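See the structures that follow.
One chain, chain A, links the two complexes that follow: it is found with chain B in the first and with chain C in the second.
Then we have the complex of A and B:
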């Protein structure tokens, strides 16, 4: 198992290095030079040249890559190997600081949404599979299709319309806290966690209230495919020969369900992990609709403005996150089914 | 989808009035402004400064040496106006100019205390000039550019060469703690307007230097990410990147503390949410809506009104001088006569615009309504097309890719319908346009830097300094830094730099009028509309004043209890 984990980790590092270089090179082939936007429309040729020099864009592509990696000195030094992701060309602030600012917002949202989705979807999926075709199964299947039929932002706007505008039971979708609530001292960047750490229950209630609709929106859309996956995998496992044999042996239903669940878990875990990575994409629109100011919104702004260091930093962070999730899944998979590690 | 939902949401708010639009006792001295983006940076030399919200923060946290005086008038839309020919002292109490030595002497205000508790002195002025000349920020050096435009000695393009000495010389000197001399290379009417621009607002040098490092002697990182220490009417209270900035009134502000104690400036990207919050009384001012949204707010009422002014925002169709066949004057004029002006004004801007009758914003000093005017006249357009050698549009197909009308894709909701109107009108004279929306960054690169776009619609770029010579010099002279259509006319060039340096205002305006006539007769920018700058405002909020940078001064605002 340890050897498998190390091998898997080694592959992950290689993947990370390859993606880092690939993203850097691909960025340089985008159909626009970011300098035009940075210098503004009154820039003289001297100003454009000065800015290109400051950003190392006057260097050759291999030299730019070496500077980015930290293997050569440049105006944009230090580089990746020195722990720097550079400074954003939009704001001038270190990309690392900006990631630390935005990432917790997104993580708080998707972790809570993911937990909520799992808590609802897994029992429902198992129940649908166990009960077989019937009203409950039909209802759950309908929900799965219904929830996935519209994108996250559409559901977000619909929920705002119902819960904020019409019924007035949700706070205004204007950010993470009310205008009069003082934010807790920053520790993790997740307001619910930081407010609890500070013992500030008023801030916690406010932050949690502002998260309810975004979390419900993401979870609502996510629950459909998870139910579908769990239901299919459990149903498949229940139709397998070992379940028939267990039934033939007269084992109690609870014990059969435990065997079934364990054997249907492996493929579900993989798919759920992929969904987790996918949620970063869905979170972009939810952050936009609810004015949360997370990594997704920042990523979109960076891409639209060709902020190379920010985009590279965001891709790097998402890649690391995805690789870690997939690594964890592989290890869990190996734990569930030891044959995988051989 | 987004527009439909916006209307759905706002309509419901309008009819149900989900919350009373009250200003609570707690809100009496707190004002909430919602904007589609967040403050990105507080350094005047960081690219994030070009985000409108960053400018809004800077003009309220920092303080200029001088400012335009109030005109004592307001627009039909209720916005207070400034007199661009008259100045009042801010950090400078008074000044005089010595034509023999080409030197301005500024007498600085005493007893001014900034948000850091430091007293304003001549050192702060010298620091601000020195920082601008250092050209050490990431952004194209706009501080340097402004002083260069104002004619300050020593701020020449030479200092931008890679190994040039960028230290401040004797062009700005300290006479005593409260007196500063500034030398100019030539006397320009632009000099004082330049000092009103936020790119050269005065830094608190002591606070900035306290955060300087060997690698960053001008404290760019501190200003970019933490604060803009100065002597302005508001002090930074908190700044959550990507989300919100709050500011509190500077209790020591030399003009007296602001009427509103606390300003919450929050990013709410969804238009529908900004409108809903304004109507629900949870926000006091919203900005950067589309003309259609403002019209909706006007109609809906519900304790909300719209303040507006036709200031310096305009729409034009740019034709690049260097891209054949647009060097053909008859063709350019044909296009000018084919533009459906009235439809654009009414449909594109909901009537909140006027036809642009010049090449300079009509509110600017030196604006001249030109004799040459273009109205929609398809017959004349067809005739000119024929004269240009393209009868009925025939022959234009030999210039592949040129008849693509580019515009910023992020402005689709406003510019998309306008581009379609132009496309439809041009089709009637046989010119088939292809619409080409592109991301803002790509637009900026291709239009401002590479100059490889033949035709483009632009409604976002404006000259910040409200004088005709600034609106023309950088934009319409050969090699001018803002001349992104590469317009070149020796007759226009011949007026510069003399027009900058003419000290008789009447003569100067006469020269500017002649320049505007030349340009209008052979247009590279086809002027279309001057449209209103607007704000959605809760009833009871007043004092909005229009500045050429389009940013509200929070100090001027009042909220009725």
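Then we have the complex of A and C:
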């Protein structure tokens, strides 16, 4: 088991290196002009040359990569191996600090959204599979298809229009707290957690209220694919011979469903993990609509302003997150089914 | 389900069979209708729009007509007694006619979806055929490549490529095509591997056909179904992706009529109670993508059992 975990971890590090280099090279090959964006298009040739030098863009591609990795001295040093992701070309702030600021926002949003989506989608998926081919099954499938095919940013706006503009029961979609609420001292960066740790119930209520609509919006579109996966996997298990045997023995459907649920859990967990990893960057639309200031929004701003170090840092943190989630799932599988680890 | 008697339908002539199936699946009929309309609009949308979709009309932020006025307005439109066409969905803050823009947008959204999917289908099935047919030599590489691909932050990478190459329609099409190619590669490769073991493939080899001829002529046609079934779903995803990118300001450039961009430009007005600029394009995306998803789902249910 330990050997398997280490082997998987090693492969993960190689993947991370491959993706880091890939993004590094792709960004520099595409026809983007970060210097022009930074100094303006009317800047003098000297300014442009100076900026290019400061950003190491006058170095050859392999040299730029070596500097980024921290294997060579350059203006952009220190590099990755010295534990630095560089400074943002836009704000000058260290990329690491910005990750620490934005990542918890996204994590808080997607963790809550996944919990909400699973609470709704798993029972519905199991129900649809167990009841097979009835009106209930058709209804749940219809809902799943619909939810999985929706533009979440538009639903977010629709919810804002109904609950904030029309009925005025939701807070303004302008961030994570009201202007008048003092934020709790920063521990995890997730406001709901930090406010509870500080025992600040007013801040907790405010943070939670600001999260309701974003979480509901994201959870709504997530229920689509989750219902489909759970339903398919449970239906497959329901068609197996041990279920036929259990039926033959006269066991009640409820009990049979409980058996199949455990057996169909494993494949569902993998797909849900992949979906979760995708949401690290994919939650951007909901973040944008509710101005939450998460990782995705920062990614959009960085890409639009050609902020290479920031983009590189974002790709790195999302890739690490993805690899960790997939690793955790694989280890979980190996735990459930020892044949996997061999 | 296992253990239950399955009624065997009597054979029916082909012509009736399609109609009978459609009657049994009203959902497929609905999805098919939505898909057909959106495909037609992708071609003729801008031409049948009452106003030029990117030319301001001079009427700024006109709300849509009240529900009660609509019948008489329709009658007047048909009778031709109106000086200028009605703003059925109102106008936006620059005076663009929203109805015309909603009709014209499929020429961007649906076209990108169809083109990206067609390209991914072409690339993915070709590579998948080779990978599945010459399984021994390629299996390891494909498994490794798909592992790496799985952990790439897709959304960010797509955004980088589209923005850095100037946010052209072509850039979006190619990016999405590359993004979706692995799906078709995997679907085709596994189906090809199953087909390659069949007798007629062996026969083709036995009469001396070259490997590539056997692969393309005798394996591929039988292995295309899963990929073709997936196409409808992928078109829907691509439309959502395009609209999402443009909503973020990282997709096609304004003032191009595009649903996601229209929603973005109407988003700020929403707070002021002006809901129509973002409502109608949203409904258009919602219905269109749902239509493609339904068709994909029903086809999948039919061909994969």
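The rule we apply is simple: the second predicted complex is superposed on the first by the 330 of 342 C-alpha atoms of A that agree within 3 Å, B and C clash if a C-alpha of one lies under 4 Å from a C-alpha of the other, contacts with A are read in each partner's own complex, and residues count from 1 in each chain.
Criterion: a residue touches a chain if its C-beta (ideal position, glycine included) is under 8 Å from a C-beta of that chain, and two chains touch if they have at least 3 such contacts.
Quick caveat, the model's predicted, so the values are computed rather than measured.
Chemist: Does the superposition put A:284 against chain B (first), chain C (second), both, or neither?
Modeler: Once the two structures are laid over each other on A, A:284 reaches chain C alone.
Chemist: Applying the touch criterion given at the start, work out whether A:145 contacts chain B, chain C, both or neither, answering first, second, both or neither.
Modeler: second
Chemist: Looking at A:87, would you say it contacts chain B, chain C, both, or neither? Reply first, second, both or neither.
Modeler: In the superposed model, A:87 contacts chain B only, not chain C.
Chemist: So, A:15: does it touch chain B (first), chain C (second), both, or neither?
Modeler: A:15 contacts chain C only, not chain B.
Chemist: Is A:109 touching the first partner chain B, the second partner chain C, both, or neither of them?
Modeler: It touches nothing on chain B or chain C.
Chemist: Is A:219 contacted by the first partner chain B, the second partner chain C, both or neither?
Modeler: In the superposition, A:219 contacts neither chain B nor chain C.
Chemist: Touching A:38, do we find chain B (first), chain C (second), both, or neither?
Modeler: The first partner, chain B, only.
Chemist: Now for A:160: first (chain B), second (chain C), both, or neither, which partner does it touch?
Modeler: A:160 contacts both chain B and chain C.
Chemist: Could you tell me if A:326 is touching chain B, chain C, both of them or neither one (first, second, both, neither)?
Modeler: second
Chemist: Can you list the residues of chain A that meet both chain B and chain C?
Modeler: Chain A residues touching both partners: 31-32, 154, 157, 160-161, 164-165, 288-289, 304, 306.
Chemist: Spell out the residues on chain A that touch chain B in their complex, using ranges where they run on.
Modeler: 31-44, 46-51, 53-55, 87-94, 97-98, 101-102, 154, 157, 160-161, 164-166, 168, 172-176, 179-180, 183, 288-289, 291-294, 297-298, 301, 304-306
Chemist: In the complex of these two chains, what residues of chain A are touching chain C?
Modeler: Its residues touching chain C are 11-12, 15-16, 18-19, 22-23, 26-27, 30-32, 132-133, 141-142, 145-146, 148-151, 153-154, 157-158, 160-161, 164-165, 238-239, 241, 243-244, 247, 274, 277-278, 280-282, 284-285, 288-289, 296, 299-300, 303-304, 306, 311, 314-315, 318-319, 322-323, 326.
Chemist: Sort out for me which residues of chain C touch chain A in the complex.
Modeler: Residues in contact with chain A: 1-3, 27, 147-148, 150-157, 159-161, 163-166, 236, 240, 243-244, 247-250, 260, 263, 267, 270-271, 273, 275, 278-279, 281-282, 285-286, 289-290, 292-294, 297.
Chemist: Please name which positions on chain B make contact with chain A in the complex.
Modeler: Residue positions touching the partner: 1, 5, 8-9, 12-13, 16, 18-19, 26, 30, 32, 34, 37-38, 40-41, 43, 46-48, 50-51, 135, 137-142, 145, 157, 160-162, 220-221, 224-225, 238, 240-244, 264, 266-270, 272-273, 276-277, 280, 282-283, 410, 439-442, 444-450, 461, 474, 481-482, 484.
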